[in-house]
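Next, two complexes with chain A in common: one pairs it with chain B, the other with chain C.
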Partner chain A sequence: MNRGLNLIKTLITITISLVIGIITIVLTSSEPLTAIDAFFRGPFSNSYFFGNMLASSIPLILTGLAASVAFSASNFNLGLEGQVYFSALVGTYLAVNLSSLPAFLLIIIVLAVSSLAGGLLAALSGYLKAKWNVNELISSLLVSYTIIYVTDFFVEGPFKDPMAGFSASPYFSNDLMLSKILPPSQLHTGIFIAVGIVIFMYFVCKKSNLGFEIYITGRNKHFSKYAGISIGKIMVISMMISGILAGLAGMIDVFGIHGRVIRGFSAGYGWNGIAVALIARSNPILVIPAALFFAFLESGANVGSLLSDITPEVARIIQSVVFYLVTAEGLLAFIKSRKKVKTDD
Partner chain B sequence: MIEDFIHTTITMMTPILLAAIGGLYTDLSGMLNIGLEGMMLISAFISVYVTSITQNILLGILAGIGISVFLGFVMGYLSLKLRANVFVAGLATNLFAAGITVFLSDNLCGSKGTVFFQDAPKLSVIEIPIIDKIPFFGRIFSGYNALTYLSIILLIVSFYLIFRTPYGYHLRAVGKNEKTAHSVGISIFRHRMIAFLVSGLFAGLGGAALSLPLQTFVGGMTNGRGWIALVAVVLSQGNPIGLFISSFVFGAASAFSNTLQALTALSPKLLLTLPFVITLVAMIIYSVRRNKSYER
Partner chain C sequence: MEEYILQMKNIHKIYESNNVAALKGANLLVKKSRIHALVGENGAGKTTMMKILCGIEPKNDGEIVLDGKKLSITDPRQGFKHGLGMVHQHFRLIEDFTIAENIALGIEKTKAGFIDQETVEEKICRLSNESGLIVTPEMKVKNLSIGEKQKVEILRVLYRGAKIIILDEPTSVLTEQETEELFSTIRTLKNQGKTIIFISHKLGEVKEISDDITILRNGITVESGNIRSYTKERISYLMVGEEINIYRKTNFNDKKEKPETLLEVKSLYVNDQENAERVSDANITVGKGEIVGIAGVAGNGQLYLTESLMGLVKPRKGKIILCNEEITHLTVRQRREAGLSYIPEDRMKVGVSTSSSVLENLIATRYYKKDFSNKGWLNYGNTLSFVKSLVEKSRIKTPSLNIKVGMLSGGNIQKVIISREFSSDPQLLIVCEPTWGLDVRSIEFVYSSLIKMKEKNKGILLISGNLDEILNLSDRILVMYGGKIVASLENSSKLTRAEIGEYMMGLRSNEKKVCKYE
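Entry: the complex of A and B
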């Protein structure tokens, strides 16, 4: 019904947050005009920055989708961070150790097994909730904290490349890497895979029985129970899909850019994915522009820090303001009531 | 040996217990405050930073509390007035805190990693006269910093407030049944808002208890303690004694992890998972038992 209103609200949110970003830049930079110019136009100024911006949107599209699926069933998957990271570890391990297999087959196996690893991590929280009503928000987060340490342990120890100067696994064969678009930027063909997954998930969510059951369960548990839907099953499945998508985010990033797991490479993918899902209101298609917006903020701040004196952390300020505002369901009503008061005066 | 372990446990418990007392108020008012982590984090930075520039610990702690109470206000306003989902508002708090602390430490102190405030006055250890001379018990009951003693005092004060005063009675009524509470004229908004502010106050103390004894701030230094405190709140079922016990257990998990790191060659990274695993297991056991009691 109020799709238009939602759009207006989102635009207000984005405008306010950008204004706060500008204020932050003005306060912290000695050459604010250069910095603001670099921030807003930088990502579009050449194909290198532009390609990098698109590349950084790829994992966000997938984690945004992951968070959306869980939200649709009114579950909170706060374990995305760990799921992304751990899946990348599992996938890279397979890619390094099964190198005798043909490349195409190996890529399929790696994607399947690594995303399943993420899926199982998330499904555990869904199962605990379905079986004993363990709060999935807390359990997924605790599992994530644990698994991040475990993954760190492997990347720093048993699975560390002794030649690397920092904590990173060995590289897998270059044949497995996704091909680049717009070199020398980091953009890779993973973007087509991500968009394909978005379209697939759109059909799953909006057109399939499963999507309908997830939607109904998310809206009204009692109703779906009477409709004969197994709520427990939906909980586990929706968390599992969410974890699988998070796993794909990690492994596609590795296949596209890094070629190995680097300690902490995915930090922030999960939390930003949640923000992306909120901006997109859990609509799979809208996840793409929302992820692009977040990627723009990151690249704008990065370019700004290269060409002037701001820190790339400016992006984090703007992102958290977006997060705050997007949570406020009553924001529009609030602004309206303010206007009303003013016109009444 | 045992007394040293208990001593470490109580030291490790302090930030968790303080944040958990804060979480208890919001929990009793019927809201789950998942922003504790962010409130602690921002106070951890601000308190040690302000302590360093003013050379005054009390001012530092007050500044830390001030900022986390403000975050509590924002969370309350978003969820109570602007109808934001309280979980999402809590996540926003955590992300905001994680972002702004890194931003500030980068801009003000020139480092995104570990910042050591050499010149900040240290939160010193207080020995309680006479008690500190008793063997065994002296080690358990004495030799902590002021915030640890304060956490125990505030726990007792909170117990009194919640169970012995009209305020506590009203607060619990709002949490148990908001319609009934509303119908007898108790303001739901006011009680929930106060609960958010109080939880900001305690989480702020918890954050200060983390950074001040070390004179150090590290990005993300709360490292899940706010969440562990939240689990302590859930497990306590609204009972301050339960809150103390669960915080103590989680403190012991951290102390155990630390002790093993010092005494054994086991991987520190794997040992760091212990507090989270123990918290998760405690949460599961609690849920299983609660479900069984429903079935009966």
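Entry: the complex of A and C
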């Protein structure tokens, strides 16, 4: 019953935001019908657009999952964006400098080390919270901003490709790149990795001891501690997993599309991941449709701007409306549930 | 014949969320300037009745007549306008606000857009003097004791001009002294012409304070009338429909040699977060098959003592020994495995996770064990059958194992906790305020569970502010005052409440160290 209700609420949220998107297009476009048509049907009109849409959903699936895991433990990892960049930097550096290793082995090593880099970054905030009760929301955000500038420093200076006309590292070997599906679109086999990780994380969250500990701690940490769960450990581990997933989002994007780390390559993957997790209500499986929806908005606006006169920012407007509605609704549900507890007979 | 100030007739209420009929034609007739007791078991519908009266919940059917006029209100603000004020069981105060701010909240008098602090405080002081509820308006609520917070709640209701004041189980959180104070306030308010509706489980108090009584059972008014025509036994009988003897006496005559020691606490000191000493030099032993009661007014270090025994708070100094092994530095889980179980005082915040399911709550202390988990993955089949049998054995009334614990009644929530804590084959049980706010039937369940554990030769450390409970169950009684154990008494038929009370209030002490200072 509850689940059905949530689905209806989510559908209403999405409908309202799409209607607002349509209104924006009508107001700003001189040929609204063409623009709307391009926006909604564009991403499905040919395999190139469709492939690109799926490609842009890959990092969102992973950052959405990252945010979900942290939310489940009642931790707010607002440092996803920084973890995405940091992992991409570390991974690219390894991929460039260890090129003598066999490709398959190197990919594994790069993914492992780079995602761990993101994980440690997030785990730091978890540790600070467990140890000194430092608000993880703020610490992860601040660390993230700093680390983005650090990454920028490297790709502008010591780790800059002198041939590139903009801030980017050197390319690593083309052999390391994930194979493309549906060329010439950007879609790559990373999508299978992402879906595999989602399924794995679903089982971890729902069926493992760790998942149970994360869930119980997220619901009520006093109870969790009393029951014998080490809540400090859970804070660190849940943040770490979140950071690892964000790191994978960054590095898989680099392996699939860019072949190097570029300043600003993450089109807000971290931030949109938070919205994706909110729409999915932190359910690992629902992260996939939520990420696809965000990717669709992005692609629709891009196609629309190619084929008519709207700007890609239309996607931002719709995304932000979704974001507002989902957070407002989440807040309402939270207040209601608090009231319920208080007025219990 | 006296005029009824309030008439609630044939009230029906069905909660949509769980389709439970809370009221099935209940009546309540209240005379002006009287103290009217509304009694009934948990879930009998007392609170629902009052919420309907105040406009907090809508009714499905029935009629309310206030001062001769038909009343239909849909939100609490209208309730205030009609002179109805409710003091809830769980306080609704903003901790970071001052007393004055809390009282005036929502109906602030403003001067050019700013809160007129002086007028507000003046009015509070006047009300405070009239009612005998003395408070300091500029103090922050978070620094108040529970009794003081209740005063603020009552003042808030008076501030809004309430003529009918509803007190929902006001004494359940108070010490005996605070209860006395509350009763004198209630009498003062009555003399000023206010009408009071007093909801309670405690029949002694009901007899003492009220003029009239209405008894609810299962959403129906069973009887109503002048308190003088009812004995406590009669009220109890009407409430539950059958006599339940909760005053079971422990047999004092079977005193044999000293039982084998289970728990030994050696000069334990515990500090709070601000580094103030909350427990000083506590020495406690609990033997097999022994119930040791710790009496004391709430806030005298009991919570810090029990939490440090369980590993939730680190002691500063001292030793805790369980079954001849030191557990002072073990984690909560290690202590549980060593044979400790704990029923915490704060049921809703610590004892359960209200937003998690019955199943999750029951398995939370053992999900990782061999029977329920394999290499880090949960075995839901075993978990389910275990939880099912636990629910059946303890007769936990729940529509499903997946329902959130917060949806259950108070008695059933306590059953969830007790069945979980008692089923882990513990050696020593730390049991805090186990019957707080429960109805007679649930209290019966708690007591019989404790006695069963005692008969199985387990040790029980019972912490309670309820002296009857301590006297009825304990073999030995310790009294805590100001963080110290000031008395260690053998329970016998000669031991009186008054004697323990003197220790609790700090008037007496048989610990030599403390005596020296006198």
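Going forward, the second predicted complex is superposed on the first by the 327 of 345 C-alpha atoms of A that agree within 3 Å, B and C clash if a C-alpha of one lies under 4 Å from a C-alpha of the other, contacts with A are read in each partner's own complex, and residues count from 1 in each chain.
The rule is simple: contacts are C-beta pairs under 8 Å (C-beta built on N, C-alpha and C of every residue); 3 or more make two chains touch, one makes a residue touch a chain.
These numbers come from a predicted model, not from an experiment.
A.B. asks: Under the stated touch criterion, name the partner, chain B or chain C, that contacts more residues in chain A.
C.D. replies: Of chain B and chain C, the partner in contact with more residues of chain A is B.
A.B. asks: Is A:Tyr145 touching the first partner chain B, the second partner chain C, both, or neither of them?
C.D. replies: Only chain B; A:Tyr145 stays clear of chain C.
A.B. asks: Based on the superposed arrangement, let me know which partner A:Leu210 touches: chain B (first), chain C (second), both, or neither?
C.D. replies: second
A.B. asks: Is A:Arg219 touching the first partner chain B, the second partner chain C, both, or neither of them?
C.D. replies: Touch partner of A:Arg219: chain C, not chain B.
A.B. asks: Between chain B and chain C, whom does A:Arg41 touch in the aligned arrangement: first, second, both, or neither?
C.D. replies: neither
A.B. asks: Common interface residues of chain A with chain B and chain C?
C.D. replies: none
A.B. asks: Using the touch definition from the top, list the residues of chain A that touch chain B in their complex.
C.D. replies: Touch residues, chain A against chain B: 28, 76, 78, 128, 132-135, 137-139, 141-143, 145-146, 149-150, 152-153, 156-157, 271, 274-275, 278, 311, 313-314, 316-317, 319-321, 323-324, 327-331, 334.
A.B. asks: In the complex of these two chains, what residues of chain B are touching chain A?
C.D. replies: 34, 74, 78, 81-85, 87-89, 91-92, 95-96, 98-100, 102-103, 106-107, 112, 223-224, 227, 230-231, 234, 267, 269-270, 272-273, 276-277, 279-280, 283-284, 287-288, 290-291
A.B. asks: What does chain C use to touch chain A in their complex?
C.D. replies: Per the stated touch rule, the residues are 22, 42-43, 47-48, 51, 56, 90, 92, 310, 312, 331-333, 335-336, 342, 344, 346, 348-356, 360, 364-365, 367-368, 373, 376-378, 380, 406, 409-410.
A.B. asks: What residues of chain A sit close enough to touch chain C in their complex?
C.D. replies: 207-210, 212, 215-216, 219-220, 222-230, 337, 340-345
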